[in-house]
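The same subunit A turns up in both complexes below, where it pairs with subunit B and then with subunit C.
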Partner chain A sequence: MAEAATGARVGGGPGRPRRRLPRFSLAIPAWLLFILFFAIPVLLIVWYSFGYKPDIFRTISTDQLSFDRYAESFSSTFRSVFTGTLQISIIGTTLCLLIAFPFAYWLAVKVPSRWRGLLLGLTIVPFWTNFLVRTIGWLILLQPNGPLSGILQDVGLLAHPLDVLDTRAAVQLGVVYNYLPLMIFPLFVALDRLDPALREASKDLGANRWRTFRQVTLPLAMPGVIAGLLLVFIPLTGDYITATVLGGAKGNMVGALVASQFNTAQNWALGSAMAVILIIMILGTVAVFALIGLGVRALVRRSRRVELVGQPV
Partner chain B sequence: MSAASARVRPPRDVVNGLLDAWGILVFVFLFLPIVIIVIYSFNDNRALIVWREFGIAPYRDAIDNPTIRGAIFTSLRAAAGASVIATVLGSLAGIALALVSAVLLAIEPEPAAADTAASLPGISRS
Partner chain C sequence: MTDELEGVNILASRAAAQRITRRHFLAGSAVAMFSSSVLLAACGEDTQTGGGGGGGGGDVGTGEVEPQLNFFHWAEYDDPEVFKDFEKEFGTTTKIDIYASNEEAIAKLEASAGTSGYDLVIPTGVYIPQMVALDLLEEINLDAIPNFENVDPLYRDQDWDPGNKHSVCKDWGSTGWIYDKTLVSSEIHDWNDFLAVAEGEASGKTSVLDTPGNLTGIWFWANNIDWTTTNEDDLNACEDYIVNTLAPHVKAYDSYPGIALTEGKYALSHAWNGDARQGLLSTDEPDRYVWGLGAPVTELWMDNWCIVKGAQNVNAAHAWINYICDPQVSLKDLAYHGYNTGITGVQEEAEAAGFEFLDMVFFDDAQVETMDAGAVNEAQGRLVEIWNKAKAASGA
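Let's turn to the complex of A and B:
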């Protein structure tokens, strides 16, 4: 620690160091912003979630605290939305991974390097396009009398107009589309950093393609996979724009439910309780999958260790 | 692979072909709704969904509409302000993070980099 301090002082310039503010003080403005606009609002939501809606004119009262809003959130009306949201987000995150992995691999490994920058830039364009605008693009596309429906009917794949809007399937498609770039970028970075020599070495040592992928490429890309899963799953579960635009009544998600409690029903207590449950649901799901992942990793490592010890060269 | 054959394009095989097809499909998927929005922005019909004929009337209407003009300028002002504030606060926090983590992780200035700098002409180690 003392060495580090002198090292840093040498870097700071010649002469005796003057008394100055601690190093972290530059971060104080960002902390204040974080506390003011993140920590306090979230704590306020937690506080409100124990309150109630006193009458039709007022939105919130916290003079009597209870868990009643949580019980209300878990009532049969809303429970299906919570399970539906979890289903949409788990399937959506999985689909994003399955679509993005071959794509990121293709972009990072197969595409000639002179095209790579351009194609990567093209991948960012949809991400930069406004979220709502992209979703409305799908709203036009999926209309029963819209372009996709017409093409599918002309080709003969569909006997009657497309009837997917205002269903859970439309929301599922929308969230996969909206969050796909967030899966592609970390995967691309992870795969792009892989030294091609590793794959060549694997090939030289007699591994076929599938084995190289399974034992060299995939394990080394795991940090990218995990980053992508978190980047997609967390915002996707709380998303409400996609569900509001494409979902209708059948494709409702918790985010949209929370928004409607605050904006339409004016029941801030119930909306807050739902938001808290949503946060806990996200953290819980991430924790469960992290534990499963750690377990699988331990099993894989154990099986490999046995293989190495059991078959000495 | 020898040096001579390294210049030749690798032979097309099934997996590479499938990956190429997948890449193109994903790009189509990514751009489909955006292209649709651009096409329908030239739709000369008040209803969003029903295509009537090509025209720039929607653009004219948007520019003539004072509410839309005001909204555009509000967006630009908000974006500019957010960018400035985020850049300042983020830079300060980033510098603080780098300083603190340099102490915590006991990172010394890299000797290799210093040697490289000293070996450059015109830079001598004092």
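Let's turn to the complex of A and C:
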């Protein structure tokens, strides 16, 4: 029956109106994926965060709901890890921007176009290797009896074996390395799309290099900068692999703390509360910086408008 | 029909593509999805009924050895060669997943309610009563393990598993410390010395074991308190010391620090004897390092082969336990992990074979006198909490 019906419809003449699926059906697979693997788990986490750990061998119970886990998460011991994480992620994101911007600019503007693809490809090469493996690569490199330590001691820069592993500095280094490409790509795309004619026009109108950069290049690259900042800041703040591998006891990050609540302490309620706080912390930080950015932009625009309107022509 | 196909790019011949309409495709996917969910449901049922069938005496575990054996294991705890030999002999592939603490293993088994897919787990003895109470273990059929007679009677029939109904001794060991003489000038004779050095010379270069009981045990033993205490004042004092005093000096919570220490990562490590020994075996200058057994009191732990509730490969699991209790296999495994396997005569064989650092593997009666197996009691939740807070405090 169904076959015949289908056949009839498919074979129907041009005069018959064709039945179409609604347009949003194109997005159904993505929506399903998001709902199943993002929305539901996040809601579960939020739900669990109000629960508690009933006994040593069971992970979660939600028959009594309370905010107690949030109170625990904000205890002084855990609060220090939260502030430490924020420090690492803000410094890390800033460093990524400072390192990636000149590189992306050079790649998009200065490098002959025939080399560009190759160089961009080379920045992707680290992504061919697993994140964990790359981080373990640093672990080997930074070991007290590892290659870097040996070289630094040989050339006399260090009197003792390198002692950077299991410190916050190692984590800082690791996250900058791990997330740098995520900053380079959007910056490169933004800068690559910039019409060179705009810079030339700026020069012709008498702007020096710095002014051209500040008033032409940078504002036009802003979407790339913002995309890069978000792409780096958000996963970096929740990262736990880098902290676990390179940080030891000193370089603890919230992500590692959440993971240890789930995996080792088996306290899913406390882990969930910490995860929710982490999410709020990330959104809050992004919101604060977005507000600052908007404020700065408003100020800049206002100052410029005054200049233009105020000058009698 | 052709207009239906316009704009559709498909990796099929034109003729075949014409036969595939969108509706066919969607119907096909729906069938595929439905049938896979039925399959999944069937699998679920299968594991549950399989779970009910295992355990108990008779001929359990004596049947044909299954082609697969799944371990839920501690890291680096058996010689990879032993696994290979077993695979060759029985035509069974072995797969290992690891856990870092008994708490983790138990919680995962508990959460999966008999469908974990693991066959063997290796809990520390004191955790076994709770695991039995939570119905996480199958009974072991000792008739299927003729080599059980090789297990020294000293290590059979323990308090936590009378009659070896659920477990067979894998090996046992203790806890102490190992330090680098070139970095630590003072000598360490007991836990108080250990803590003094950790706070002093080895501050920021000390590692401690990453389990709640071991971490808090240091303080209890240093202060002559039974490490099974449930006294609130003792627990508070322990938390205060560990979190506020010790934690800031800790470089890492590392359950396997032996090799890392000899690679220069730590100056002082809190370590299990076999792991400390692996460190000494891996270095060219073992004289640089000093091993000490915990004093005045230290831990005695015994890890045991147990069959997981709902295990699918019960015969292979019994075959493995029988295999590993063979004196020659046991000796080979001991050479790798460095813990006393409790097999009769293994000490003499190890001595005859000239294994190094045997004082770190076998302990004399006077030493065993100072060891305390402890217990898992209602303070355990509190110990986990202290351990958690300590880890957070170290990062501050």
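The definition used in the following text is that the second predicted complex is superposed on the first by the 293 of 313 C-alpha atoms of A that agree within 3 Å, B and C clash if a C-alpha of one lies under 4 Å from a C-alpha of the other, contacts with A are read in each partner's own complex, and residues count from 1 in each chain.
The rule we apply is simple: a residue touches a chain if its C-beta (ideal position, glycine included) is under 8 Å from a C-beta of that chain, and two chains touch if they have at least 3 such contacts.
Please read all numbers here as calculations on a predicted model, not as lab measurements.
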item	value
Which superposed partner A:G248 touches (first subunit B, second subunit C, both, neither)	second
Contacts of A:L165 with subunit B and subunit C, given as first, second, both or neither	second
First, second, both or neither for A:N145, with subunit B first and subunit C second	both
Subunit B versus subunit C as contact partner of A:R134, first or second or both or neither	first
Which superposed partner A:T59 touches (first subunit B, second subunit C, both, neither)	second
First, second, both or neither for A:V300, with subunit B first and subunit C second	neither
Contacts of A:I40 with subunit B and subunit C, given as first, second, both or neither	neither
Touching partner for A:S25 - first (subunit B), second (subunit C), both, neither	first
First, second, both or neither for A:I292, with subunit B first and subunit C second	neither
Of subunit C and subunit B, partner touching more subunit A residues	B
Contact residues of subunit A, present in both the subunit B and the subunit C interface	10-11, 143, 145
Subunit B - residues contacting subunit A, complex	15-16, 19-20, 22-23, 26-27, 29-34, 36-37, 40, 48-50, 88-90, 92-93, 95-97, 99-100, 102-103, 106-109
Residue ranges of subunit C touching subunit A (in the complex, touch as defined)	1, 3-4, 21, 23-24, 27, 100-101, 103-104, 106-107, 110-111, 130, 134, 204, 210, 243, 247, 250-254, 263-265, 376, 380-381, 384, 387-389, 391-396
Subunit C-facing residues of subunit A, complex	2, 6, 10-11, 14, 53, 55-59, 75, 77-78, 80-81, 84, 143-145, 161, 165-166, 247-253, 257, 260-261, 263-267
Touch list for subunit A against partner subunit B, complex	1, 3-5, 7-8, 10-11, 23-27, 29-31, 33, 99-100, 102-103, 105-107, 110-111, 119, 122-123, 125-126, 129, 133-138, 140-141, 143, 145-147, 177, 180-181, 209
